[in-house]
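Consider the two complexes below, in which chain A is the common component and chain B and chain C are the respective partners.
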Partner chain A sequence: MTNRTPIAFVIAAVLSVLTTPLAAQIAPVPAPTAAQPVTPTPPPRETVTGDLAQERTSVIITTFATPAVTATPAGTTAVLGRQIAEVIAADLERSGLYAPRGPDGLRAISMGEVTAPAFAGWRGTGAESLVHGFVRADTAGNLTVGCYLYDMALGSELTRNGFVVQPRDWRRAAHRCADAIYSRLSGEAPFFDSRIAYIAETGPKDARIKRLAIMDSDGANHRFITNGQSIALTPRFSPDYSRIVYVSYAGQRVRVYVYDVGSGSQRIIYESSNTTFAPRWSPDGRFILFSMAAAGNTDIYRIPAAGGTPRRLTDGPGIEVGGSYSPDGTRIVFESDRSGAQQIYVMNADGSDQQRISFGGGRYATPEWSPRGDLIAFTRISGNFRIGVMTPSGGSERLLTDSWQDEAPTWAPNGRIIQFFRTTQGRDGRSQIFQVDLTGVNLRRLPTPVDGSDPSWGPVLP
Partner chain B sequence: MTLDKTEATGLSVAIAAHIILFALLSFQLSHPDPHFDNPPMAVEIIAEAAPVATAPEISDAPPAARLGDPDSDEAEVPPPRPIVEPPKPPKPVMREAVRAPRPSPGAPPQRRVVPTPERTPARQTSAQQRSATRPVRDPRPSGALDGIAAGVARDARPNARSVAPPAAQSAAAIRADIRVSINAEVRGPWNGCRVTGVDVDQLKTTIVFRLTEVGGLERIASVNTSGVNDSNRPQVQRFEECARRAIQLAAPFANLPQENYSYWQTYTLDFEKR
Partner chain C sequence: MGKLTQAMVMGMALVAVAGCSRNRAPAELPPVDESSYNTGTTSTGGVSNAVVPGSQQDFVASISSDTIYFDTDRYNVDDIDRAALASQAQWLARYPNVRITVEGHADERGTRDYNLALGERRANAARNYLASLGVDAARISVVSFGKERPIALGSDEASWAQNRRAVTVTVQ
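Up next is the complex of A and B:
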């Protein structure tokens, strides 16, 4: 038997080896488990990516209601209700961010709807936002203008504002209302209720008449300040809007004038036979910067706003011009050709710590610090004259326009829009005021009665 | 050494048994189609629009019932005899990628902000609408060519690997489906809320929010924004508002699997514009 055992064992082993795979193959596969709750690891998180290139936000603006049609020096409250809505719509459209609809073509609303809009009816328009408002005249002769902004999809009120104005200031009430809507929807500071000073130009290029003029931000309420007997240049509003500083050329004399907007009077704060130009206010209104060529060297000077002895801030061998204060008043940006070509520099308000911040090809001129402080606008001269922006450290340079000659940027009071003037080529070329959104879109001309240059956008009216 | 008779007999039997065994094994191994009682399955997201690729039930019905149209009322009425078990409602063979109908632009938005108290009826409504839109056909297996074609088309799923009846979803698949579902709902209102300005593309708002069991918005737990600099700071408030608003308008979220509520009860979304 000792000999048989191995044979039987071999047979058993062979059988075992041969049959095991078969058994494994025909054995049932474990059934997949049924749906089980998911263990919450990792916690659910995802990214929702939207598109920056979108259409303008659609806003419905109806004629403002009035509780009782009342006659005022500026017209009846019913007429004013329509005109105010029209100004608001025009403001929002001009901002480039919104596509207003109305008040033309839209039904009038009742006073009750001002605070309880009939959303169901307006949603059919597909608009995202709804503006209602009212105009009421009181016994004292004042107008009360109320405006309300609603989110159409949520059916919720976003903001409401009320303004009491003299009837003649009804446009300001409309601008303030547009500002409230714009600020609420864009996040930006208001800017519609502001004014612009500029140089109105008439006549041929070799015998140009240049007059100082001011107007509202939408071009309304235009008026000339000077009569054109002397050449006016580079106006700037004081931070409190009470004064305008500008340079006047009469014969061989150059004068820096401060014009008092309230009284209509003006006085000389500096007079010289030296070429003097580009005055700028300090943010607190106490000082004025200007540039002057003296003894073959052009430098930046600071003078008290009431007049006095100028103090020189730069003393390099090059031409230093065009100082512009940072909003906090601690720094000044200017241009200098000390490197061989005009470039942009910044320095402390006392003239110390001068540092170059622009290093691109071509030349840089007319730097202007944004009222928001984050950017500096300039004219880039490289073939054409173009408007651009960069950070105060010289980074993130972007050019916003591309034309034959765009120059002299000035900021909207909220630092979102840049105004400049554009000159076309040739003897018959014109100078006109344009503006462009900081993102490089919405380039448009500001309508003026005559040609314009050297725009200066003042702060929001107090 | 010679074999005795007993050993010779034993060896002969062993050899014969080997030959038989070899023949049997050869027959088994050469069988072309081994049978699996419960074959493995593969689940795959069929399309982004599919909110939930729920594992379908393995149907006991013969192929004709799957290939044909839904049973008609006539077919569902049992013959007049005692019913031992209540007839089960017909389960869908494959849940279709059909969302609950979006409200029209004119619908009151408040309805969307308030969590829907009942979710199941909405699904039934959706299914009923789906059924109602189907063309009326003879419910019985009549051999009509149109029915066959419809059945073939329905079986020709784009996922070629899912030849076996799908079973349960994996955790990852459910996570992916919830992501698709919530992201698709939020993206529309997020895109519709305009924010422009310099460096807005650098902003990212992170919102943590809690949902109710029926997919409604319970509350927004936190809102944080990164990527803020001097140029885009004015837009931060509006950016956050738009993100919050997108969730409010998108809620309640349909088609979230209730059995996995613990997974999506607290959700985090990062909002950006590029």
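Up next is the complex of A and C:
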């Protein structure tokens, strides 16, 4: 899974295939005269706060057809057709906006129906949208996945997409299809085809083993990167996913490392006797922000990602820590206790023009700028720890969660969903990864093999 | 704990002079931190209970406390802390070749990065005071564990008070 398949550049080629030769080779099939009965969708596997089921758009997703059942290293095209539909349904469900139905309980479709759906038969379901698709293996060993979204009321195609992937990357094709559906129906930018770096936690509270780990946005393709011998903290994927910056206690010191995903090698970003921590990438991947404690005083620095001389951006006796770039790279939001308690400040990328933007009661920490640029997510500490958002000028504050300790928000690539980790009380307290959308209504736990913390959501995969 | 000798006398004298006020967390000393640096390298053949002069065991047995405690979000060294650090400095004066690490810790009710910075502040406060007592600063390294290594596991004020600490360990 470390070898990324360059999907994007082949899409245009596939589409041309789909629109002409493919259409030609699919013989029209008479529409079924009567719909098969549709069984109700089982309830979602994850907890949903509130019930938006009535307001969510119902989408039918059938098992993807295959022109010829073909064995691949990831299973037959028939099996993949079902699994791809399942991943798409799970993605749409997790978005909180849609109520997917299928592929369980729905009849299989023929190849001909992929481009000529039997609308009349499916209308009995009451669904508003219909997803069909196909999986085909070619002689070169690649999979072609075609993905079609239809409007049930209009009986017309809304979008079609084709993806060519290696069989082992079939989930990416499914996520891309789900992204295309989500974007077309919601008008929002895609986000499913993305990954998350986080810290996997095991063991007792006073000897916690904390390992760097990565996974797809739905928790699949999970992989541990560090072995747990040293505490690992606060990972961040580089914008191109080639590197991960994080904190390690290797050598019994606290230092920021850059881990190269392809080679598995890593290096310290700045050799110093001082503690370095809280690393963050610039949006273009050329710089890394980090915090450094010198003689007990922590300030924020910027260093070229390839190495070099750090430039100090804050200068004062308070704790200045963390930091998150605006998407255009011109501003940085960070936290400081210069006022006496943690609050949120913004400054220019060179450290000038520092201004406080949080003024509510309690403390404000861990600000993260949305990839859309319109909001800043944060942890608000006032009794409990809660996740909230405000505008970059500090206005329109809204709290999205309410639990004992929710911490460290990270944004989905489209800026509509926030992930964070939730810690429970006591000696057996757990840390788990949750996500919530900007309405604050759709709260879900993201399943991980063991406990998790410090999630960091990367951009949509290239 | 029949180990306090001259150091304790000195510490008590300091306390008496200063009249400390702050609510102290633990009445007893927490167990020695065995998590890092020092694995008690006192394998002395068959003599299992012997304490090697200059060792971590000797250090812990000879001082009034290896740990000082802090209030929420604070990192100032108060009079009780000074007494403990003075006893450490006295022992360190006897073993000028021993290096130490001061570990700074925070309670769980803070965000991760901030707690790392806070642990740094606390460890440095202890380091600075030891240096002011004549311990060569080059002998003292600091490391912050933030909220990563609590010693008390509860989620209550008493546990948090024990976890807001700076612990001195010898580097063997």
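In this text, the second predicted complex is superposed on the first by the 400 of 462 C-alpha atoms of A that agree within 3 Å, B and C clash if a C-alpha of one lies under 4 Å from a C-alpha of the other, contacts with A are read in each partner's own complex, and residues count from 1 in each chain.
To be clear about the criterion, a residue touches a chain if its C-beta (ideal position, glycine included) is under 8 Å from a C-beta of that chain, and two chains touch if they have at least 3 such contacts.
For clarity, every value in this text was computed on a predicted model and none was experimentally measured.
Student: Touching A:277, do we find chain B (first), chain C (second), both, or neither?
Tutor: In the superposition, A:277 contacts chain C only.
Student: After the superposition on A, what does A:140 contact: first (chain B), second (chain C), both or neither?
Tutor: neither
Student: In the superposed arrangement, which partner chain does A:423 touch: chain B (first), chain C (second), both, or neither?
Tutor: So A:423 only meets chain C here.
Student: Could you tell me if A:153 is touching chain B, chain C, both of them or neither one (first, second, both, neither)?
Tutor: Only chain B is touched by A:153; chain C is not.
Student: In the overlay, work out which of chain B or chain C sits against more residues of chain A.
Tutor: Comparing touch counts on chain A for chain B and chain C gives B.
Student: Taking the superposition as given, does A:116 touch the first partner, chain B, the second, chain C, both, or neither?
Tutor: In the superposition, A:116 touches no partner, neither chain B nor chain C.
Student: Across the two complexes, what residues of chain A are contacted by chain B and by chain C?
Tutor: In the superposed arrangement, which is not itself an observed complex, chain A uses no residue for both chain B and chain C.
Student: Which residues of chain A touch chain B in the complex?
Tutor: The contact residues of chain A facing chain B are 3-4, 7, 11, 14-15, 18-19, 22, 25-26, 28-29, 31-40, 43-52, 54, 56-57, 97, 119-120, 123-124, 126, 128, 151, 153-155, 185-189, 372-375, 414, 416, 438-439.
Student: Provide the residue numbers of chain A that touch chain C in the complex, in ascending order.
Tutor: 204-208, 210, 231, 233-234, 252-254, 275, 277-278, 291, 293, 295-298, 319, 321-322, 335, 337, 341-342, 365-366, 379, 381, 385, 404-405, 407-408, 423, 425-427, 429, 453-454
Student: Using the touch rule from the top, collect the residues of chain C that touch chain A in their complex.
Tutor: Result: residues 35-37, 73, 75, 101, 108-114, 116-118, 120-121, 123-125, 128, 142-144, 148-151, 153-155 of chain C touch chain A.
Student: Give every residue of chain B touching chain A within the complex, in rising order.
Tutor: Touching chain A: residues 7, 10-11, 14, 17-18, 21, 25, 28-29, 34-41, 54-55, 105-106, 108-110, 113, 167-169, 171, 174-175, 178-179, 182-183, 186-187, 189-198, 200-201, 229-231, 234-239, 243, 245-246, 248-249, 259-260, 262-264, 266-274 of chain B.
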